[in-house]
Structures are given as C-alpha cells and as structure tokens.
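The first chain written gets the first letter, and so on, giving A, B, C and D; residue counts start at 1 in each chain.
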C-alpha cells in the first residue's frame, strides 16, 4: 500500500546504487523532480531505462549516475541532440555507459511483457535492421502459421518512477493526457514511486484518466511542477523554451555542471 | 469510413451465410438488436464467436443460425444454464453445432492478437487442464528463459458487431462502462457494425470512454435499447428479471420458438 | 436474529470470515460473490473486490446478479478491458485471493465446470472454463465454495477444467483443506454446527480423510447473520 | 506573398501535396510534422494526424515542438497508451502513410538514425530508432523528408536502422522515387524550380539515376506559401 512521504525519503528508501530504474513519461509527465533528487543523493551505477531519455536522463548521465542505459530514442524532441547522452556514449564522460537500444515498439512490448509477468513480448519488428546485431532480440516461430516473429525480453526494473497529476490520501493515483507507458512501467517493476502535482481527497474520474491503485505503488511524494520542463496535462505547460535552451546549456561540460550545481545540487527542495 | 444506415440494411450488407461473426459485450452492451436482425434475416451456418454466449447466442443457436460456436463461458450469468446452448450441444437441436472452447484469458488474448495482426497470442494458461486436448492451443518456448507458454491462435472474424452508447455523425463511436473486448473484436475483424443508443453532434469525452474512430467501422445503425436485456451504462439498466425469466422461457423448445416468433420474428423493427 | 442460520448461510459466513486480512479478492458469479460482499461488511471493509468483467475495487450495495451489473462499474475504483484484466492483473498475481465454484471437485481440489459425461456426447453440458483456469494459477490463494454432495465431490472428474490447489473448500457441511501429510489431499478440517462427520463422508464421493484436530465451525454470530440477511434482502 | 519560396518551403509544400487523399498520416518530429499539418490546411482537411505519443486525430493549430505537446492530446479524437499505439494501430497497418526523416539514406531508401561511424566507437551518436522500424513496415506508404546532401544520401549506411521502401523521398532539391526498371533503386523524378540535375547529382553520394520523364516541381502557389508561412508564424 502506497505511503505518502517526502520525495527525499522516498528516493533514499527505494533507489539504491546499482539498481535498474525506469523513469517513464512519454514527452508528458516526465519525473524530473525525482531525477533531480536521485542526482542530489549521488546515486551511482544505475541501469537507467527509458524509451526516450530526454533531458532527465541527459542530466543524470552527465552527472555520472549510470553505468548502463536502455532506450529507444535519445534525442531532444524537436531540437536535436542530447549532448550529455552523446558525450557519455561517444567519450565515456564522465563515466563510460553501456547501452542497449531498441525500437519504441520493442521497448513498449518489453514493458507490457513485464507488466503481464510474461518472459517475453511478441511483435513484428526489427526486420532487416542492424539493431538485431547489437541488441537483445530473438525470434520465435508461430506454432500455428510457422511465421517468424521478433521476441523481446520482458523488462523488470528494480524501481519504476512516474509523475502524475494527483493522488488521493489512500495513495491511489490518477493521470490523464498522453498516458505513455507509465502503467506498464509501474506494473513491471519490483518497487514504484509516483510523484504527484497534488493530493486530493477523492479522485474524480477524468476523460482519459488512468488509475493506478495504491496497492501497486510503494511511495507517493508530492512534487508540484515536478515534471518541469515537461508538463502535467491541464495543470502545467510544456516549457518548450527550456528544451531549446538546454541545447546550449548542455553543449559544454562546464556549463552543464554549473547549471546542475545551481539548479539541482544547491537547490532548495520545494516539497 | 463508417456509413450510418438502417440496422436491416447493415446486417444484409455485412453478414452473410457461413460468415464468422463476433458479437461482443462482456455482460454490458450486448448487441441484442443486431442478433435479432440476423435471426429475422434467416442467416445460416454462421461461426458464432463470443466469450460469453449469453442470451443473445442462446437465441441464435436455438433459431439454427450457427454451425459452429467459439466461446469461453456458456452460462446465464447468476441464473444457471443456457438451455438452447445446451440443447444444441447435447442433442444437436435444431441443428448440430460444432464447438471450440477456451478460457477467458485465452479468448481475450486471441482477440488481442487479432487486433495486433499477430498470428498468435501468448499467455500462462491452460496448464494441466483437459482443455488442451479439446481445443486449439499450442505451446511456445521463450527464447530467453526456455519457459514453455501457451499460444492461442489469433481471431480474425469476418464481421464484428458491438453496441455502444453513441456515435457522432461522422461515424466515430464512444462507449463507456465495462469495456469488455469490444475494441479488440472490432479491430480483429475484416468488417464491423456498431449499433448505438443515439447519434450526437459531437462526442464529449467521458471518464472511461473508449473511442472507435469511424475509419475502422463499416456501418453504424441506431438501435435504441438495442442491448436489452443487457444494458448501456448510464442510459439503460440491466433487466435482471428478464435474465431470470429466460431460464423458464428457454427451457422448452416450443415455448422458446413461440417467444422468438412473438418478440423477434414478428416484431416491428424499432429503428 | 429470530431464526437460526441455514446451512447455506453458515457456508457464506464461513467463506466471508476467510477473507479477513486479504487485500483483494477475485469473484465469480453466485455464492462466492455474496461471501465477498459480506466480508466487506463484517471482517474486511478495505477488501478490494475484483470481478472478471473488469471492475476493480467495486463496492456493490446489493448482491449483483451478474459479474457485470452496472453497479459494479459505477462503484469501482477503476474499470479495465478484459485483456488488461487477465494480462496485467490476474496473470501476474496482483489479486491475492480467488473464490471459485464448480460442478465437480476431486480430492486434489481440481475443478470441473465443463461437462458431465463424455466431452463429445455430454450428459450435461456445463458453462465451461470462464476465467477459472488462469485465475486459479494467477492468484496466490484459492478458495472453493460448493454444495457438499456425492455428485460434486467425486472420485474422478469427468473433465479437468481448472487445476486448482485450494487453501480451503467451503461447503454447506464443513470445510476441507489440503492435508500436507497426505500429499495435499483434501481432508475435512471443520464441520459446521449440527453436522456429523458421517454425514460429510456420505456426501463425499471418495474415502474422505478427517483431520486429527477436526473442529466445529464457530457458529454465526447474530451480527454476522443479520449482516448477511440484510445484504440478501436489499 | 512578397518573397519567393525558399528551398525548405518548397520541400514542405511538396511533401504536403503528397498527402492529398490520404486517410491518415503518421508523423515524426521536425519537418514532416509541418508538412502534415500544412496538408490539413491546403489539400486534405480530413487527414487524420497520428503522433507516436498516442494522439490520434490531433488538430494542432501551431506546429508542436515535440510529438507530445499538450495541444496534440487536447485536440485529438482519442489518445492511446504507447503499447496500444504500436500493437493495435501501427503494426496492423491501420495508419495509411508515414513521414520519416533520417541522417542517412541509401539508394534503396533504407535509413540510418543510429550512428555515424562505428557502432562501438561512434563519430556521432544519433538518437536511435524511435518508432521508425515498425512504422516503416506497418504503414502502407512511407515518405521520407530529408535535406539533400552527400553526407545524407550515401552509398553505404553506417547503420541500417529502418528498412524502408519509400514511395517518395522529398528533399530541398527535388523528389526521388523507386525506379521499377532499376530494381526499385531511388531515381530523381522531380527537380524543384531553379534546381539543376547536376546540382542534385553533386549532392548525392551515389551515381544518381534520373527518370526518363524527369519533371520540374509545380512551384508553390501563393495560397500554399501563405498558408505555410502563416502556420510557421503562429
């Protein structure tokens, strides 16, 4: 049953050095506040899993939190490169990072298989690509038609972290807008943390609302604007300017570190 | 793109003798009006597919519409037997019916595989049961763990028929309440018909609302109370008394036929 | 409560008591549903009721006729499609306990809900598997609720629909549970008040083992009985 | 319209025109998004825009920066989870057409968005596959939009990310399409106004075939150009 705790406490309790951590949110509801707290707590050797590393993993990679990255699209959406991601892979800065990359369809089916407690997911995918030589994908043969299909191994992160609009006081969570793979991430993980914009007395069902019951969540932490520069549909707006500024901030190692020092390491935790 | 037509015309156009027909709705939103129209049009040799045959297939089996039945639970929920279903299987009345039965999990994954255009669905299921000797289930081996899992063949009905609360004038459909496997049924089928309680100018998104876009539907027919004695959440109530009366009406072949004559064959089509 | 409990009432109350402390319970149609709703009233107000129609956390005021009555969806914490119910909730074992019924049960606790007689020439065609095979393997704890009769508790199933290993089988005569010293074979552990061991043996189609520490079921309290009757009367 | 169209504007307008009559279009980030939104304004008001974030039937007023901007979800006919998007909508081929970009394209139309240089010691690490491999095989029709340069149109891909068989590759210099008489190799079928064949050949990393009936692209109309500029200015 979810406990409602401080973000600092939740991260200390749930995220350990060396853990595999899936922080999801497809463009929307990216759990930046939790990522920053992990950076502040100096976690190391994480296996970071995320379909779209986005700025949150660019920051964590640049701070040396990870030994391994599992992903499917490592760009700054609509802007260009993720410079810290590139620097980590191209030059091993600040620490070497092993990568395992998939297609979006492959990653989505890996989460779905994890959520369903199946050992693998099934798709028509990866056909004729060089990805098959560099990643963990195999084939299975349909026992009815003889057709060969791609098989991807289930994801079972140690911890899943997602951000949502709201939780009630019993720890039930509701999110709406672009739902991404958050449900699958939480259900595939051994432990889970949900940061929320706000606590409410009662969840009022919303169009497009997805409910995660408190009994599949370990901890809830209130983190208003905790998705910034991503957003929480109906509550905050995506900070597209910041995504563009990040291209400049993150290009240079020192500028990046200075920004992180000022805005993350030395920042007052707001919640 | 969905055309909005009379139910009579839709059934004449979309459902032919010998077709495989999936009429879904899990307790909720069962497309009775469409089933009755199929009976009135005297369709024969259908392969009827439905997780829970319920009264709608009990009626169609009793009227001799089907040569084959694919299902997972053939009871009158909370009441007892489906007498026409039993008579068809036990005594071949009025015509012999071949059966293929699965578990709910198997049927659900067969629809999901059909909707995903995969040749089979994957589950931990059927283990140690006699079902495996009598139905179409095989095993696949996980290429990562070596574990054996159940494989069920994808469903690809010729026609799917579902009932929903509303459609807009462009043929987009919204349903809410218990969603069942309606989306998968429509997406797994070559053709589809949706009967609706009402037409609206604009679909207003609802909590729990599922939208089927007009471009995956062939025909929409307005059939108010078209789910009776099942129901349309927020619009009509389940007629539990009728489900109990059906146990008496359907027990005897002549009583059943008399009821069908009066209430279906001779009935004025309301829409 | 003026009249004493019927055998069926005792059965339902005993089943409900077994839900004390369970986080969540998966419910089929009929008797088990009443027991689970009663459990919320008498022993476990936070019990999450899960119906295979997709309603999770339903809080029905009345006993629903079907597993898909409108009240279940209207009062649920959330409602999911059938595919999601089986793949994301049942298969991974997220629902703690399941209540199942059956037409035949064997001494291992396996269930038949498919056919009486030969599969290809049935004497009585039953509804079939429904969700039971995967519910039984998915849920950590399985309870079976069935009327105690020779035709139900059989030496040999006509068809094995569901391989279950129930923690308890609650009947209108008593409670059976696996005996670890007999390879997990079901043995009589409780008899309901006023029932004799011979009566239970006579209603069982195999040579029924009786637990060394056989106990008599605690009789329904007035509170339990009035809660049940009030629920049924709604 | 006072100024004449830039090469980039011609490219976007040509891409938009190719969407006339298409029921639905799948959109990646960047240039292709602008073309698809423009198509709704100039040639195909009913075009269903599908973004891999899960928004189906989005009607953005402004060009979104990302494929998951809030306006896409707010204006969509419906929004689905990522798993459903790939399994129920893309994989079965329900989306008619896809617009993809790439860092490298070869003469078959296959795409590289993964790496420049060696995979294990990259010169430039690119974002990776995203949805492209399965979008390219799922959608009936694939269009590629890319800037025309030797480093993009290469003899040999450093990495084959997406096996595509594009119906057309729309560049800022012209349009390439598979030549059935050359085993489907991409050949130049259109050059944009003011562009020479030699200029296109110089910007292509392989010996570019030129279609026998090479045509010059119809120049943007004032209406097209003002619609594009208005859209970009929003």
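By our rule, a residue touches a chain if its C-beta (ideal position, glycine included) is under 8 Å from a C-beta of that chain, and two chains touch if they have at least 3 such contacts.
It should be emphasised that the depicted structure is a prediction, and the values quoted were computed from it without experimental measurement.
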Quiz item: Where the contacts of subunit A and subunit B overlap, which chains show up?
Solution: C, D
Quiz item: Hey, which pair has more contacts between C-betas, A-C or A-D?
Solution: A-D
Quiz item: Distance from the CA centroid of subunit B to that of subunit D, rounded to the nearest Å?
Solution: 41
Quiz item: At what distance in angstrom does the C-alpha mean of subunit C lie from that of subunit B?
Solution: 28
Quiz item: What parts of subunit C, by residue number, touch at least two of the other chains?
Solution: 87, 91
Practice problem: Mark out which residues of subunit B touch at least two other chains, giving numbers and ranges. | Solution: 112, 117-118, 123-124, 183-184, 205, 208
Practice problem: Sort out which chains touch which and give me every pair. | Solution: A-B, A-C, A-D, B-C, B-D
Quiz item: If you look only at subunit B, which of its residues touch subunit A in the complex?
Solution: 117-120, 122-124, 136, 138-145, 147, 149, 151, 153, 205-209
Self-check item: Residue ranges of subunit A touching subunit C (in the complex, touch as defined)
Solution: 112, 115-118, 172, 183-184, 187, 205, 211, 213, 215-216
Quiz item: Which positions of subunit C touch subunit B when the two form their complex?
Solution: 29-30, 52-55, 64-70, 72-74, 79-83, 85-87, 90-91, 114, 119, 122-134, 137-138, 159-163
Exercise. Could you pull out which subunit B residues touch subunit C in their complex?
Key: 26-28, 51-52, 71-75, 77-79, 81-82, 85-86, 89-90, 101-105, 108-109, 111-112, 123-131, 134, 177-181, 183-184, 208, 210, 231, 233, 237-238, 240, 243-244
Exercise. Under the touch definition given earlier, write down the residues of subunit C that touch subunit A in their complex.
Key: 23-24, 48, 56-57, 77-78, 87-88, 91-94
